[in-house]
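Alright, structures below, take your time with them.
Presented sequentially are two complexes of chain A, the first with chain B as partner and the second with chain C.
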Partner chain A sequence: MNAIILSAVLGVVMMFSSVFVKNKSALKHIAAAGLLVLLIANIADTYGCSLFKIDLHNMLRFDKFGLFFNTIGIGATLIYVVLSGRDIEKSGNYVAEYFALIFFVLCGLTLLTSFGNLLMLFIGIEILSIPLYILTGSDKRNLKSNEAAIKYFLMGSFSTGIMLMGIALIYGGTGSFQLEVVRSVFASYKGVSFLEIAGLLFLLVAMAFKVSAAPFHFWTPDVYDGAPSVFTSFMATVVKAAAFVAFIRLFDARVTETSAAVDWKMLFSILIISTLLIGNITAVFQQSVKRMLAYSSIAQAGFMLFALFSLNDMAKEGLLLYAAAYSLATIGIFAILIKMKDVSFEGYNGLAKTQPLLAATNTIFLLSLAGIPLTAGFFAKYYMLASVIKTGSYTWLVIFAVLFAAVSAYYYFRVIQAMYFKNGEAQTDTITPGFKAGMVIVAAIIVIVGILPQTILNWFYF
Partner chain B sequence: MNNLVYLIPFFPLLGFLINGLFRKSLNKPLIGIIGSGSILASFVVSLLLFFQVKSNGALPVQPLFSFIDVESFKIAFAFQVDQLSSLFLLIITGIGFLIHLYSTSYMHDEPAEHFGRYFAYLNLFVFSMLLLVLGANYVIMFIGWEGVGLCSYLLIGFWFKNNNYNYAAKKAFVMNRIGDLGFLLAVFWILAKLGTVEYYEVFAQTAKLSNADIFGITILLFIGATGKSAQIPLYTWLPDAMAGPTPVSALIHAATMVTAGIYMIARSNILYTMAPVTQVIIAVIGLATAVFAATIALKQNDIKKVLAYSTVSQLGYMFLGLGVGAYTGAVFHVMTHAFFKALLFLGAGSVIHAMGGEQDIRKMGGLAKKMPQTNWTFLVACFAIAGVPPLSGFFSKDEILAAAFEKNSLLYYIGVAGALMTAFYMFRLYAMTFLGQFRGTHEQEHHLHESPAAMTIPLIVLAILAAVGGLIGIPEAILPNAHKLEAFLEPVFEQSTRYVHEAHTVSHSTELMLMGVVTVIIIGVIVAAWRKFSKYQYSDAEETGLGKVLENKWYVDEIYDAVIVNPLLKLAGFLKNVVEKSGIDGIVNGVGRFVGYSARQLRLLQSGQVGNYILFMVLSLVVLFLVFWNETIISEFLKKIF
Partner chain C sequence: MPIQYYIALAACLFCIGIIGVLTRRNAIIIFMCIELMLNATNLLLVAFSKMYHGPAFAADATSTAGIDGQLFVFFIMVVAAAEVSVGLAIIVMMYRNVHSVDINFLNRLKN
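== the complex of A and B ==
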């Protein structure tokens, strides 16, 4: 509860700060401080110290899993603002509003990690998405940015329509928006209701759109590529992970196991296969690192979908780990990408000579995304695949995923190859020592999690 | 006191690290002091432990840390100091120290960096060798076993700018690896059957092993030993290993590493005692190696090659001893051989040093006057190896031959024939080097000098040991209860002794008579060789007939090349040029091309048109519905409508 209210309040505060604070560069410090407050409030909430006591009538339900995810999401945003705050400033004239929108996105995120009612899910998704439409178009004079914003908005609206349709069908079948009621109806049903199955299928498609699972991913490359890089970073990490948490909350085990008429595992495996296939294969041919990362985010979504496939405790743990590992690494890669003058693969040629530290940390991030041992990404992938193996069937799916993880090594290593083995003079903006220190810390977290994943997870579950 | 054990390998390891890491910044005297000092420190600790073992018996096993700990499979990194290992500790650190001292002078012309590298390798070698004998289980022994193999490789190829030396190093490594495979398989076999590799536990549970198990394990271990200890068929690397600096030959390829196989079998003596077939095989191979290598040594002209074949031959005697159950005799011969063969190599090094790198004995001669200390110490060693009483070689060789006589007199006669050849080629070597006229160039003659004290002191110490070292093992036939070594080592071989419980069948008088006859013949051979070769005149006339075959080492290398090496190279070439290029590369690149092609095609889906995207999404949605449109849903649907 703390995080929902505080993030909304802080968003409003940020908006007004543009009036009172004339010094633009102070804004990012205010935002960072606000995020820190938010982070602490949310951790306090996790330990049972809630500032607000409101009867919610089960519209929202707070559980450990959601609150932990809030911590990860807010923490990742904090790191993101610290690393890329300067670049957010540079992306347009309305700096305070950008930060305010980020806080509103976080508000949507906290709703999505705690909804207990389908309407709350819908509101959360909208609160999450609308600020992103604006952020995507924040570079007003750039045609690509505008195009991306309008495409995102159009397709986002379309998926919202599908989602509302799904919610309406489920309401028609069960007579309630409450998740608990819907579940109990599903659990008690002897036969299968067409309305509920169809509703759930619509909801699935809408959520698949949000997490950019193929074949509902088409918006992703265009939007990620067109949006200012600094906001792409945010969209591809925190926002995507939030959508995944909402997805897994919705498709809790009881819904899918009881509706026997539809083989949900088969359905998810189709989604996973097409996502891994399209994400990984298309990424191979990209010439721009930014666009490659867009496809890579689709490919990574394919892996995160495994959590929905297996829906056991290990999957939930793994999703937390995956969200953290993927977000950190991607934020780091984007932070460097934003500093690059040229974001094509050639632009990275020889970075190891001009900026050895950035190249080294970038290598760690890329290795983590590729799932190389001793990085957080390895254990994230390990947990996902192990959760599938625990379900006892569909081993072929795991083999398929591992093969595509191997394909992904190709395009991640292309960047490493460019940085270390190609001749060139990679041009970057000025790099401050503070930025370097930040990169080293993020890289260190990734390596530490990669060496001691159990310690981190145990710490999460105290 | 017990907890000092770990210090023994610790000092050389420290020396290795210091010399290895700081070889570019340290100066030569300091490197020499660190290198030799670390071994001296180990020697002092070994001496203390030796006396403790002598008075109190074996020390309890000292676990340092848990090396492998996976569920029920546990291997401790533990050290075991008993009579056998404490004796080897003294040989390794004692002779090791003398050779380090000698090296400070011998290697003095090397630049500081390489000087440091040399001592780092040498210390690492001693460290590995100490691990090998200290380990309380086969796995630790294997770590040391591989470590000495690595150091041997590094030191043979020490002058790596000469490609022939690199080739020799590679050959030694590969030959050893063949043997190592046998060792490893034996360890796996033990582990599979008994679930442990600790010596104490393995030897206590031998009853659980079937005869086939014991035969397999002992033969595989012996294959490991034939690699490391240069026995037929894996001996060919040792003569080539002479490419390394001469002190290395003395330490690694004469005194210590090559005896690792004997140590291993002596350590596992109970297994061998229980496998009589293996014992026969070992005895036959050992004897064959002894005689075969001796014949080759007769015609070699490189001073180090003669010594190398002599080493192979002497190692063969040790295996003969192991094969006939004379474990004490074999270990005894390891010790005396370490004295006199290290001395011979160091003496040869002194000669090579004086001759400015010349190793061909046909171009030497008359060095006795110029190098008095080298001369007399070398002579002592020659008498010792030839087996002239009362020098050390006499006692140890006699013990082995006596045991062979008990088993089968044929083994004895062939063994004696080998011993006669030993006397002949050693005095041929001595006479051609030190007696007669100098046959080298004037420049070399002018340059001739006695070596400095750092080189002669080790020679003198070793000469004394080679002379009197045999007195700790005087046979019963000469003096009752004077075999101190046997009494000392008794606990190690106790299990085997109990297993065999055989009485001596040869009477003391027969033994004494054989000794006397052999000694007389050996002295006769020595006199003949002395007279013949002190008048040697240089000629480069080609040898003919048998002489040519012997000079070319029975063409064994050529046969190996033709039968094994070249077919393997052809196969490798086929795999590389055909299977790899068109097979494996084709598949791998094909996959790559396929992915690239798919990427180009899939990319086209991303048209940039929102209308297309939404159409695709709707189509996908419809497909999803169709996929799950099964009968139940249809019937439900129909019910709702009607």
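== the complex of A and C ==
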């Protein structure tokens, strides 16, 4: 509860700070301080110290899983603001408003991690999305940004329409908006009406849109490519992971394999296969690192979908670890990408000579995304695949996923190859020592989690 | 009237909306079609709400069964209004740059 109320209040505070604070660079520090307060309040909430005692009538339900994810999301946003805050300042004249919108996105995120009613799911998704439409189009004179904003807006509200239809149909079948109802429909054997099944399928499609799973991914590359890089970084990490948490909250029920009304495992495995296939194969052919990262985010979504496939405790732990590892690595890669003058693969040629430290940290982030051992990404992928093996069926899916993880190594290594083994003069903006220190800290976190995953996983007992 | 009529009407409106979104190229018309989808949902929710409320009301005049469907409709209307304000701003932004609201126009410009 702390995080929901505080993030909304802090958003309003940021909006007003644009009136009172004339110094642009001070805004970044205000935002970072606000995020720190939010983080501490949320951790306090996790350990039973809630500032607000409100009877919520089960509209919201706070469990350890959701609160841990809040911590990861807010922490990742804090790192994002610290690393890229200066670039947010450069992206336009309305810096305070951008930070305010980021706080409102976090408010949506905290609703999504704790909803107990479909109404709250709807409101959470909208609070998460509407600020993002604005951030996507924040580069007003740039046609690519315009296109991205209009595509994102139309596709986003289209999927909202589908989701609402799903909610209405489930309501028609069951007479309730409570979350247990959805879960019971999802897990039930027989006697489920056509309305409920249709509603659940609509919800599945809408959520697949939001997490950009494959048949519904087509908006992702254009939007991520067109949006200003600073905001792509935020969209591709924190927001995507939040949508996944909402997804797993919605469908978190034990499904009995054979006699369920619909073979949900089959549906999810189709989603996973097509997401991994399309994401990885198209990423191989990209010429721009930014667009490659957009496709790679689709491919990573394929791995996160494994949590929805297996739906056991290991999958939930794995999803948290994956969200943390993926967000940290991607935020780091984007922080470097924003500093590059040229974001094609050629633009990275020879970065190791001009900026050895950035090249080294970038390598760690890329290795983590590829899932190489001794990085956080390896354990994240390991947990996801182990959770599938634990369910005992569909083991071939794991083999398939490992093959595609190998394919993904190809396009991540292309960047490393460009940085270290190609001759060229990579042009970057001026790099401050503070930025370098930040990158080293993020890289260190990734390696420490990779070597000692127990340190972070010991928190995840819920 | 039986509930089936409402479901059929809402399904028709919803399908018109989806077909409009998928086939039209004018951003404003796509936007109208999305609104049509939302309104189909509103209609359906009100109809279901009435379906659950009717028998409960006949048995007990103070019953609030089925009232949450109508409450949901208010939330949809408010959120849709917020979405419209952002969406129209984005469409106006696009119009100022390219003097067109054709969504394929930007694709062509890019290449």
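Basically, the second predicted complex is superposed on the first by the 442 of 462 C-alpha atoms of A that agree within 3 Å, B and C clash if a C-alpha of one lies under 4 Å from a C-alpha of the other, contacts with A are read in each partner's own complex, and residues count from 1 in each chain.
Everything that follows uses one rule, which is that a residue touches a chain if its C-beta (ideal position, glycine included) is under 8 Å from a C-beta of that chain, and two chains touch if they have at least 3 such contacts.
Worth saying up front: this structure is predicted, and the values here are computed from it rather than measured.
After overlaying the two complexes on the shared chain, residue contacts for A:V9 are found with neither chain B nor chain C.
Applying the stated contact rule after C-alpha superposition, one finds that A:W219 touches chain B and leaves chain C untouched. Touch criterion met: A:R141 reaches chain C, while chain B stays clear of it. By the document's definition of touching, neither partner reaches A:I273: not chain B, not chain C. Within the superposed three-chain model, A:L154 lies in touch with chain B and with chain C [touch as defined at top].
In the superposition on chain A, no contact is made by A:I389 with either chain B or chain C. When the two complexes are overlaid on their common chain A, residue A:L36 makes contact with neither chain B nor chain C.
Under the contact criterion defined above, the residues of chain A that touch both chain B in one complex and chain C in the other are 151, 154, 158, 162. Touching chain A in their complex are the following residues of chain C: 3, 7, 10, 14, 17, 21, 27, 30-31, 34, 37-38, 40-41, 44-45, 48, 51-52, 65-66, 68-69, 71-72, 75-76, 79, 82-83, 86-87, 90-91, 93-94, 97-98, 103, 106-107, 109-110. Across the interface of their complex, chain C is touched by residues 119, 122-123, 126, 130, 133-134, 137, 140-141, 143-144, 146-147, 149-151, 153-154, 157-158, 160-162, 164-165, 167-169, 171-172, 175-177 of chain A. Those residues of chain B that touch chain A in the shared complex are 595-596, 598-600, 602-603, 605-606, 608, 610, 612-614, 616-617, 620-621, 624-625, 627-628, 630, 632-633, 636-637, 640.
Contact residues of chain A toward chain B in the complex are 151, 154-155, 158-159, 162, 191-195, 197-198, 201-202, 205, 209, 215-216, 218-219, 221-222, 261-263, 266-267, 270, 277-278, 281-285, 407, 410.
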